[in-house]
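For reference, the structure I am asking about is given below.
Each chain carries a letter (A, B, C and D) given by its place in the written order, and its residues are counted from 1.
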Amino acid sequence: MDAGLIGLEHMGAGMARNILEAGHGLTVYNRTRGKAESLVNKGAHSAANLSEACRGEAVITMLADDHAVESVVYGDGGLLSSLRKGATHISCSTISVALSERLAADHAAVGQRFVAAPVFGRPDAAAAGKLFVVAAGAPDAIAAVQPIFDAVGQKTVVVSETPKAANLVKLSGNFLIASVIESLGEAMALVSKGGVDKQLYLEILTSTLFSAPVYKTYGALIANGNFEPAGFAAPLGQKDIRLTLAAAEELRVPLPLASLLRDRFLTLLATGGEKLDWSAIGQLAARDAGADAP
Amino acid sequence: MDAGLIGLEHMGAGMARNILEAGHGLTVYNRTRGKAESLVNKGAHSAANLSEACRGEAVITMLADDHAVESVVYGDGGLLSSLRKGATHISCSTISVALSERLAADHAAVGQRFVAAPVFGRPDAAAAGKLFVVAAGAPDAIAAVQPIFDAVGQKTVVVSETPKAANLVKLSGNFLIASVIESLGEAMALVSKGGVDKQLYLEILTSTLFSAPVYKTYGALIANGNFEPAGFAAPLGQKDIRLTLAAAEELRVPLPLASLLRDRFLTLLATGGEKLDWSAIGQLAARDAGADAP
Amino acid sequence: MDAGLIGLEHMGAGMARNILEAGHGLTVYNRTRGKAESLVNKGAHSAANLSEACRGEAVITMLADDHAVESVVYGDGGLLSSLRKGATHISCSTISVALSERLAADHAAVGQRFVAAPVFGRPDAAAAGKLFVVAAGAPDAIAAVQPIFDAVGQKTVVVSETPKAANLVKLSGNFLIASVIESLGEAMALVSKGGVDKQLYLEILTSTLFSAPVYKTYGALIANGNFEPAGFAAPLGQKDIRLTLAAAEELRVPLPLASLLRDRFLTLLATGGEKLDWSAIGQLAARDAGADAP
Amino acid sequence: MDAGLIGLEHMGAGMARNILEAGHGLTVYNRTRGKAESLVNKGAHSAANLSEACRGEAVITMLADDHAVESVVYGDGGLLSSLRKGATHISCSTISVALSERLAADHAAVGQRFVAAPVFGRPDAAAAGKLFVVAAGAPDAIAAVQPIFDAVGQKTVVVSETPKAANLVKLSGNFLIASVIESLGEAMALVSKGGVDKQLYLEILTSTLFSAPVYKTYGALIANGNFEPAGFAAPLGQKDIRLTLAAAEELRVPLPLASLLRDRFLTLLATGGEKLDWSAIGQLAARDAGADAP
């Protein structure tokens, strides 16, 4: 099929490459033009402006936040004015549930389709076409763009016919990761002040019940106090917890652990952690315990 | 070697069987006599009283709580009065850091050795000799009882020369499990009220970053609202969080997530959850959200 | 002086009466026309539309929330388009810090002045002209409208030259009240389950260190379980905590107690408390303790 | 009547003086002998040992903590062995609910009476005979020692026939004070980072709804960052929250705000606050917000 892709940072570039390799036609657009070059060498068309990226059957957005998505959708030459009737906006960004709901309504109002399809996986998984796609939207709209999902991911799970449900799942996943970080931070502060070596402790954990990648990855970052450069920066973590809490407030679901995480992120940002990896909230328990990290 | 084992509930019985199969001499004791029979058929000697179980080079205690351990150590004919000089008390129970410290001192005062060796693993791992032993104590004392650890576990990690450090690690592990339960409970309450099927959600989680056994096991219990019969009863979970907080208080380590778990367990026990599995704290977020479980 | 007043619910009507009695010219406007009648009898002019209420030197808004204020400021014939250059918008509503900042900028851009002047006090204090005015804005703007403050309040405190600071103070005050409610709710759940009579307990508290009105008022509501009709409804309390947390997030100030209150309000709203007084969060501790209220 | 009084620190000395002035016979005892001198000048008898202080109809204990009370009750020549049958132990110390329960049982077992009578008020109120006595115990036992209460206090409230209920009330009162400190700490961190002067802010609060002494006293300490010398030291605050939580656990009452306070006190003690006034937890919100105190 013939598609556009807007947003060529780490995740988007990897996805674009896999879409091209699957044999689809792809027009890419990035605010910063240079990002498109290597993709053009692989057969992509580089759009001079937003509307040029909206000429196919579908356009994917893979952007940093609500603001970036709003500007490409509602801005001059944006998706809302450029996408043809019946074409589909596939939103892969981690955005708010509220924006997802608004996009669904606004696209529908002009005869366009909207599918929310946030992905689980880091840039290496995007590069390898091994993302995990969580999709929600009208069944026929999802079916129409399934070839795109097949190109970028190892599996697609459809969670609802209402797009925003997929965004909720994505946010809740980041909440779960942050919960692991907090719990590891507290546990390590405790055993470490009790005289146990953190590396040895982590080895025990990951050899037993806590063998999941999330414990290995974040446990090592916390045990080593290795928060720079940031793989996922603290302000993005704070944003995702904020969006989780906003969605929960709308649904009236109290989330005390998410509230704790919110306060941790604010503490981190207020005390010099702006450029650290989000896992740096995992050192705050040790700081409060008067222990030097790491 | 020649050892005693006190406490033949689920965990202890499995451990006893593996010690016998490894060719060691074993004298077993349980307050309720019937428990010893099947072990006698496999070659164990059944002690008529505590002191009879204390005649070997080592005696293992695998009991429910501090109180039970205190009564067999300090009671009439207990370990402190019956164990020979140089023999070792191997404490495998999940007890408080404070009691572990006291046992170490009191055994030392009469020339006995003390090794704390709590284990990770459920009854099936105990039966299969696949426990994970976290040991702490004097190196020579640990070396002397290593054959016992080899018989019951797949791996032994020595975390410190101070016995109580092993108990701290064990408690922190249960804290981490309870943290997983709480985070899953909140996440499921959120996505479920947002219209996403809990089973499908759990499948997404455990197919991606959260592939560890602890997510599969507890996620299924929460998604199904399946809290009876209890694999590990709520009062035991509450006890372990209490002991974690007590150890943290002694070390002056604030643990806000453990405090949240404490309140969750008290709520569960105060509102009819006495006999439920400890994972039932994972339904409290849904209850507070006004959603019917499961 | 000659002023307008928009919003004639409990608080606004009392303020209008005192402004008239102080001898000022007053044009009142309310979406629902009937509210103005009794004030017209006392000398007020009843405006047929928003712009008619904006012809004087100042216009006061005393409305329910951000949305209501936004609609009278930015809507057709609203303050922004109707107020003359140099005239002052006095915002007495409990609104968000963010909206206050926006109003200050937008009024300034068209040559109008903006003073934030939220008030402490309930409808009876408004009726008696005994409000406590917390004002912020340019000193000359505040000086110009001081006669209005003198008419409605017993005291004016100027906290900053930046209007939004006054809104922050007001929100923090409601946070403090909600904190009192929560602390009383927990303390009463505790002593009551311990066999102490709640009324007697409250008498002890208010006879000693806790003699402030806020303890007497809210303590009695909680002790009696008397949450209907609502003096200040739960959704308004939830809104104010939300606005407090939003302001705190912008300033990067973690507020764990406010986070706890947020979760309490969401629990209350999710479990049938929509129409109760906001002090009904004070019964949630008892509910979690398995105790029947009151 | 003829009574003994054990414990002559700030509170005890003031109480002793008022008992003497009311015309009662009084034998005083303090571990450090010098404390008794000025009281002897006023007519007190100074006991050479504990048992000498136990010869009257009643003996008052006014000591620092559980440990101190246990040692004078259960130690050599202590109350349990020295007090005559029918005589009453009046416990005014802030002790645990569990110890109070144990004392009631143990005194009863040897035919002695036990009344718990913790007091509200600081040393100046003790010196002025203006304490507020919260008593619990058998009605006839309380009636018998009422003259003592009349001498030391301005009012006695009987809350239960079960002594420990009075200790619960006392602990809950300290929990409420600590809650005020935390809420003020958060509110001041917020408005201060928002540009509002803390002193001015405190004036607004205490002129309006928050006119109680507790807000004036602790608000000034926090606004000024004036935590030395300690009026009530941080470790004592931490102890009282610990005892509150222990009583709540026994009664199965989850107290999330008390849990937050627990973590605050541990943070304070772990980061150099050992000698500060307990109100220093009120600066932790500012610290987490990256703001310099005060």
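As a convention for this text, a contact is a pair of C-beta atoms (placed from the backbone, for glycine too) under 8 Å apart; a residue touches a chain by one contact, two chains touch by 3 or more.
Just so you know, these numbers come straight off a predicted model, no measurement behind them.
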Based on CA centres, what chain would you say lies at the far end from subunit B?
C
Between chain pairs A-C and A-B, which one is joined by a greater number of C-beta pairs in contact?
A-B
Counting in whole Å, what is the centre-to-centre distance of subunit A and subunit C, each centre being its mean C-alpha position?
39
What whole-Å value do you get for the distance between subunit A and subunit D if each is reduced to the mean of its CA atoms?
53
Roughly how many whole angstrom separate the Cα centroids of subunit A and subunit B?
38
Subunit D: positions in contact with at least two other chains:
248, 252-256, 260, 263, 266-267, 270, 288-290
Quick check on the complex: what are the subunit C residues that touch subunit B?
256, 263, 266-267, 270-272, 288-291
Subunit B to subunit D touching residues, read off their complex
242, 248-249, 252-256, 259-260, 262-264, 266-267, 269-270
Once bound in the complex, which stretches of subunit A touch subunit B?
97, 120-121, 132, 134, 155, 157, 159-160, 162, 164-165, 168-169, 172-173, 175-177, 179-180, 182-184, 186-187, 189-191, 193-197, 200-201, 203-205, 207-215, 244, 247-248, 251-258, 260, 285, 288-291
